[in-house]
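Worksheet: one structure, shown below.
Chains: A, B, C, D and E, in written order; residue numbering restarts at 1 for each.
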Amino acid sequence: MSDVKTPMLDELSGGQWPSFVDQIKQEAVHTPRYNNDMLKQLEISYSDNRGHWKHGGLVGVTGYGAGIIGRYTDIPNEVPGVAQFHTVRVIPPTGLYYTTEALRFLMGIWNKYGSGLMNLHGTTGDIIFLGTRTNHLELMWDELAAAGWDLGGSGSSNRTPSACLGKSRCDAACIDTMDLIHNITNHVMDELHRPAFPYKFKIKASGCPNDCVAANARSDLAIIGIWKDDIRINAAELKNYFAKHKDPKQGFDMVNHVALMCPSRCIEVDVNAETLNIRNGECVKCMHCINVMPKALHVGEDTGAVILMGAKAPIVEGALMGTVLVPFMKMDKDDDYQDFKDLLEKTWDYWEENGQNRERIGETIQRVGLAYFLQQLELEPNPNQINAPRDNPYIFYDEFFDEEEEAAG
Amino acid sequence: MWVNISEEELKERAAVRKKRPSDMGPPHFEQFLPPVIQRNYGQWEWHEFLRPGVIEYRAASGESCYVVRCASPRLVGTTWMESICKVADEFADGYLRFTTRFNIEFNLADKSKIEPLIAKLESMGIPVGGTANSISNITHTQGWVHCHTSASDASGVVKNVMEEMIGEFKGHKLPQRVKVAFACCLNMCGAVHCSDIAILGIHRRPPKVNHSTLTNLCEIPTTVASCPTGAIRPTTVNGKPSVEVVESKCMYCGNCYTTCPSMPIHNAINDGISIWVGGKVANARSKPKFSKLAIPFLPNNPPKWPEVTQAVRKIVDVYASNAKDWERVGDWIDRIGWPKFFELTGFEFTKYHIDDYKLATRTMNMSCHIRF
Amino acid sequence: MATVEEVAECMFKEVEQFSGKKRFKPGDLIKHVQKELGADKDQAKLAIRALTEDGRLVYSYFGGTWLELPYQEGAAKG
Amino acid sequence: MWVNISEEELKERAAVRKKRPSDMGPPHFEQFLPPVIQRNYGQWEWHEFLRPGVIEYRAASGESCYVVRCASPRLVGTTWMESICKVADEFADGYLRFTTRFNIEFNLADKSKIEPLIAKLESMGIPVGGTANSISNITHTQGWVHCHTSASDASGVVKNVMEEMIGEFKGHKLPQRVKVAFACCLNMCGAVHCSDIAILGIHRRPPKVNHSTLTNLCEIPTTVASCPTGAIRPTTVNGKPSVEVVESKCMYCGNCYTTCPSMPIHNAINDGISIWVGGKVANARSKPKFSKLAIPFLPNNPPKWPEVTQAVRKIVDVYASNAKDWERVGDWIDRIGWPKFFELTGFEFTKYHIDDYKLATRTMNMSCHIRF
Amino acid sequence: MSDVKTPMLDELSGGQWPSFVDQIKQEAVHTPRYNNDMLKQLEISYSDNRGHWKHGGLVGVTGYGAGIIGRYTDIPNEVPGVAQFHTVRVIPPTGLYYTTEALRFLMGIWNKYGSGLMNLHGTTGDIIFLGTRTNHLELMWDELAAAGWDLGGSGSSNRTPSACLGKSRCDAACIDTMDLIHNITNHVMDELHRPAFPYKFKIKASGCPNDCVAANARSDLAIIGIWKDDIRINAAELKNYFAKHKDPKQGFDMVNHVALMCPSRCIEVDVNAETLNIRNGECVKCMHCINVMPKALHVGEDTGAVILMGAKAPIVEGALMGTVLVPFMKMDKDDDYQDFKDLLEKTWDYWEENGQNRERIGETIQRVGLAYFLQQLELEPNPNQINAPRDNPYIFYDEFFDEEEEAAG
């Protein structure tokens, strides 16, 4: 073990939850040139109650404007090993499946060029290599690129898109999120590596409204699988659930857990007759009943995606969730997802032209107004885009009768 | 140069660098899918939780895929990862996966491998769980480990909270999933703005301007422009140009410090942690919700952050014993009302809880719906 | 129609002229050459690519992404 | 002087005027309460609807008060009111009451008087009803009868709509009460901002400045200051000072016209009516709600306003046949969703329905809750 | 009948709903000097699709700044009878109960001094005399005042307060609204007649959350009756409702109409056991269950009022409902409603000092922030004041540690 004294950190070693301190300590043995000082600085932070990093904006690899985040310590004399401690973002395979072979390759690179510490994964979904020096960047990149691994987004770029595991393993997936996001990621390579937007732009895709990749809340453009037709019912399995309902030991209650929790109250259950009826025209596709009875209920067959735009963290104008732009878009693999790409194109064109500096697309929409924004993107107004129509009378009528004409006519 | 590369190789590399491939995107995921998944891609019919941490997925073919999910500290070293790879080689034909919450998953075609795999993981001190009505891994950020604007440490707080919640990770004992998130500053790189329980590092004082170094290190116009709220303005200090911060306009985002290292935002005694509750992302039942302020300030108290751990414990316990099955934290609070939430948790309701930002109007109780 | 080289030169001059006084986002430079030379967006992007691959301009990241002359940054100065 | 007062009396009055009482407030209500109400004030135990327009109130004493409610056009003349007084004298011991919705109520101690009273009222052409699940009288405003900013006539529209809704006034056939309101301009002196169905007169063009009379009739600074949105600015026209209106800032409130008669806001071909739905005031079940835009524009088409009457009829019918018992219009729409509302009514959903004012953010569907 | 030709208006004569046209026509016979021209002008409006009134701000009676609204026609040559056509607002008896004697007195005055047309009542609740001339105002006021009738509010005044009928006839009244509003009206006489506020101020009181006087939506200060203890249940009557439930002909459903419509879902009904249980701690006092079963359920006995502030129509900042300031205030008749009057005083003091011109109190609250406003009024923060705590992190901490002190200490 490293001989750096870290009495405070040591209290977080071991335990039942895997310890990050132990990870750093192991790497301090393995790659001491960075990690002894990493430990030292962290222990200092734990004692003086503050971080000790400074941002560095200038690091990168030739030709790319993204993928590297510069960091310097503010106490270089005490911890020269982390005087520079930049991170490298690498695009992971969509869906985050790996072979040990692939992982070992990446780990080998990182042992060679960096601290051996990493995040699997960053919250945007990148592989994060944590801590290296400026003059190692190009060298590392030579090797990664040669092996077919690419750098991820950062800065005012299209960030690394991400997907839930979707059809690879999930019975609820309405769209093939992994195929879609792999395709889109390749489509946005230039925008990902050469930031030219007013600010960052994130794309995430979830296979259904459960939204396991948090697209609705954390991506400027969210693609979320949905269906248009009826929820499919497996009659035999439904019978089993009714049986479960009637057995008090099972703790399963068809009325309280299913019907009464339906947000649109469109499920009628008759436990005596063992019937369940869904008024699908009122169903908001929330997934709840399907989640509760995954064997009996299934998403419909006429599937596509809701397209939402504008989610973001609070800075500056307050947090936003994505707002519905297109209530239903077919996600057509055979057409190379052209409809979606067209929308993306239009969005970027408008935003590059009209977005203000450091203004996320959601803030642009708020500023110009949703109705106006839809018009610019040639999208139809649809009541699914709103919770409710306006309650204020400040309507800007741009259609009205021309008095001269009327008078003349 | 800390890397072991010969001068020669360096030169060689520089020569070929112009032709280095670029924009190749991610490797195609298909090559990383375990065979059982490749065979049944898109054909899954249902899933069932066999025990906490283990899910069976049944495909139309009749085949099943068994998932074993275990914890990861997210901040991992290659040493530890090598040991995980060994487990994957031994039990899962060399395949493994990460979830969107940093957990590690092994997808097995063979049901009989579940128990030995779990035994192996537990022997390595790695808990199995995080599925269904549990508290899964915490979505979190860099903290003092790597970010410059952090008001607290991410990994440290997460470690303490998960240590406390280990039973909830390993069991399905809650009314519903409880998604916990941590972010170290208002940028909220974690999912703090929409989590059942969110822990947010906060600065409470504006950056301090180091007038003596500022002109050396930073450009004044750029520094002024860096502030999203326009709180920074040029000034002259001791005859030297510098900047000053209008306190009432600063919302402690640290963006100025990103641009200019002479404006550190840290403040050892005033930085701390706030707790937020009731957010969610899923569209199940209610629409996605933002997290709402529960506790405006708890002190940074490393290495154990006992105040934070206890606050989370309190929320989890009160929720667990009061919510109905399938009710997320936010849905539960919406049903019983915020007055009851504060009563049950014993948290103090203060002026800080009352919104005063742009959309505050919509947070006011414009009705007689009152609870006593 | 200006060549990519001319577009790049135009961008470089703009950055050089205001160095230390004003920072440019890639979008600003694109709009600049659109106005000055009637360049189209694709040309402008190619020009940025040429400038950065040659190391005449470097990308920097401070809240957003900028294009600047190479320099030693403050944060590295200690 | 149109009043018949002698010169002498006028002088006399002027002399005593200095001592004229003031600030005496309203006469005390007690003297106007029917004896059955005086006796049982505060002791009422329950009420029951005996038939539309008739309510029985039972007091702890065992006594009952029977209320008979009938319509009034609100805009009444003393001639008609005298005939109402006669009815009150004959059936209700000279007592009568007005409701907060302009209806007239007779409070009877004697049950046997109910039917004769109703017969009398009907013989006078006055419908009895407006209780419980009915459409009661319309809360409304002045219109062309007395206000200068009105974009439509209040009394005319109200008369037409109530004529159409006479069955709903006289019966209890709706799922719940439907409160209808009318206002003739954005000032919304009626309860338009929070009614089940609201009819709102709207201007759609800014005021026209009559530059030739303006300087004579109005002060420029006062005129400029009169605009709540700052849309008016001073200018010079043909060498004379005047004002101009920045169209994009004007929201057609007519406030400038209140201050300056040279800025009429009327526009015969562009003024018209908008329809709003789903508002409510009561706290029963859901919290009070604002009315939401249903139809952005219908033409002014006096004397019958058929487009308006038909639109209200459509909403009432669709509501009546789709809502659940006790569900107000707004609660019903919230349950079935706005897409269904537009589908069922056949009203067009347009860009005007999408909010773009200050709190618009909160009206956007930030979720995947979608209805097809 | 009047011989003015009104072909368009005539289409609105008669019918099943009492006709306002007939009212004017009757008065044109009775008081032709105003009403012939009134009819003429209205017919013109119906033909040319616009109003013909101009505002006149300068009319009033000596000593009062309120109670009269000036109106002039914009076509005086065509309709000289309504060249001046001002309205007079008279404070009605609280609760709007009258004797025919009182009404006849008022009608007599109006026949003498005005058009004989009136609104019973205006939407604020005043008696509105519709149409008289400037030089009649003082004369009319002489007679009204002598008989004890006073003028109502207008302009930047405290407007005529109003009340639902409350305890006079209603089984739901938690407070004596009529006594309260009569008292308050007398208390605000000066502010009502001599406008000195930034803008208008309206007070309304409803006896319970059904809010039959629309206080929550239409008054700057709303006093709404409420109770703190449990809903009272009359067991015998409850049994009758269960019987009704079981008789399908009655169309009464204890589960669907009561339990499932409770907004806080705090009612449990067992139709077999004929039990109804209310978790009163979760009840939001919405009145619904009491409304549905008025014989079985009653408001509690520990009654008082919610005080809400800030409701208003949309101009300028958008419509507002009243927001809870005080979740529960005793309305103490014996103490002359002193607590309430103290609050009113503080509110006015703050608003007069800090309100901007044409800014309703609700807009002031929005501008300065509710928390700050509460502090100024020395009111406690209470979670009942909000729907939910803030979701944005822009907290203005005004308590923090002083670093010098800490360092020293």
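The rule is simple: a contact is a pair of C-beta atoms (placed from the backbone, for glycine too) under 8 Å apart; a residue touches a chain by one contact, two chains touch by 3 or more.
Given the structure is predicted, the values throughout are model-derived calculations rather than measurements.
Undergrad: Where the contacts of subunit C and subunit D overlap, which chains show up?
TA: Chains touching both subunit C and subunit D: A, B.
Undergrad: Enter the minimum step count from subunit B to subunit E; a value of 1 means the two chains touch.
TA: Each step joins two touching chains, and the minimum needed here is 1.
Undergrad: With chain centres defined as C-alpha means, what is the inter-centre distance between subunit A and subunit B in Å?
TA: 12
Undergrad: Let me have the rounded angstrom distance from the C-alpha centre of subunit B over to the C-alpha centre of subunit C, please.
TA: Taking the average C-alpha coordinate of subunit B and of subunit C, the gap between them is 35 Å.
Undergrad: What is the distance, in whole Å, between the centres of subunit A and subunit D, each centre taken as the mean of its C-alpha atoms?
TA: Chain centroid spacing, subunit A to subunit D, equals 49 Å.
Undergrad: For subunit B, write out the residues touching at least two other chains, lowest number first.
TA: 186, 188, 193, 255, 258-259, 261, 267, 269, 283, 288, 290, 357-359, 361-362, 366-369
Undergrad: Got the subunit C residues that touch at least 2 other chains?
TA: Correct list: 62-63, 75.
Undergrad: List, in ascending order, every residue of subunit A touching at least 2 other chains.
TA: In subunit A, the residues touching two or more other chains are 54-55, 57, 62-64, 190, 209, 211, 216, 224, 263, 284-286, 314, 318-319, 321, 358, 391-394.
Undergrad: Which label fits the chain touch graph of this model best, line, ring, star, complete or other?
TA: It is other, because the touches fit no line, ring, star or complete pattern.
Undergrad: With touch defined as at the top, which chains are paired up in contact here?
TA: A-B, A-C, A-D, A-E, B-C, B-D, B-E, D-E
Undergrad: Inside the complex, what are the residues of subunit E that reach subunit B?
TA: 209, 211, 216, 224, 226, 228, 263-265, 281-286, 306, 308, 311, 318, 320-324, 327-328, 366, 369-372, 374-375, 381-397, 400-401, 403, 406
Undergrad: So in the complex, which bits of subunit D are touching subunit A?
TA: Interface residues on subunit D, with respect to subunit A: 186, 188, 193, 200, 202, 204-205, 248, 251, 267, 269-270, 274, 276, 278-279, 290-294, 296-297, 335-342, 349-357, 360-372.
Undergrad: Can you tell me which positions in subunit C touch subunit A when the two form their complex?
TA: 25-27, 30, 41, 45, 48-49, 52-53, 55, 58-68, 70-71, 73, 75-76, 78
Undergrad: In their shared complex, at which residues does subunit A touch subunit C?
TA: So the residues of subunit A touching subunit C come out as 54-58, 60, 62-66, 69-70, 72, 76, 84, 154-157, 190, 194-199, 352, 357-358.
Undergrad: In their shared complex, at which residues does subunit B touch subunit D?
TA: Those residues of subunit B that touch subunit D are 283, 287-288, 358-359, 361-362, 366-369.
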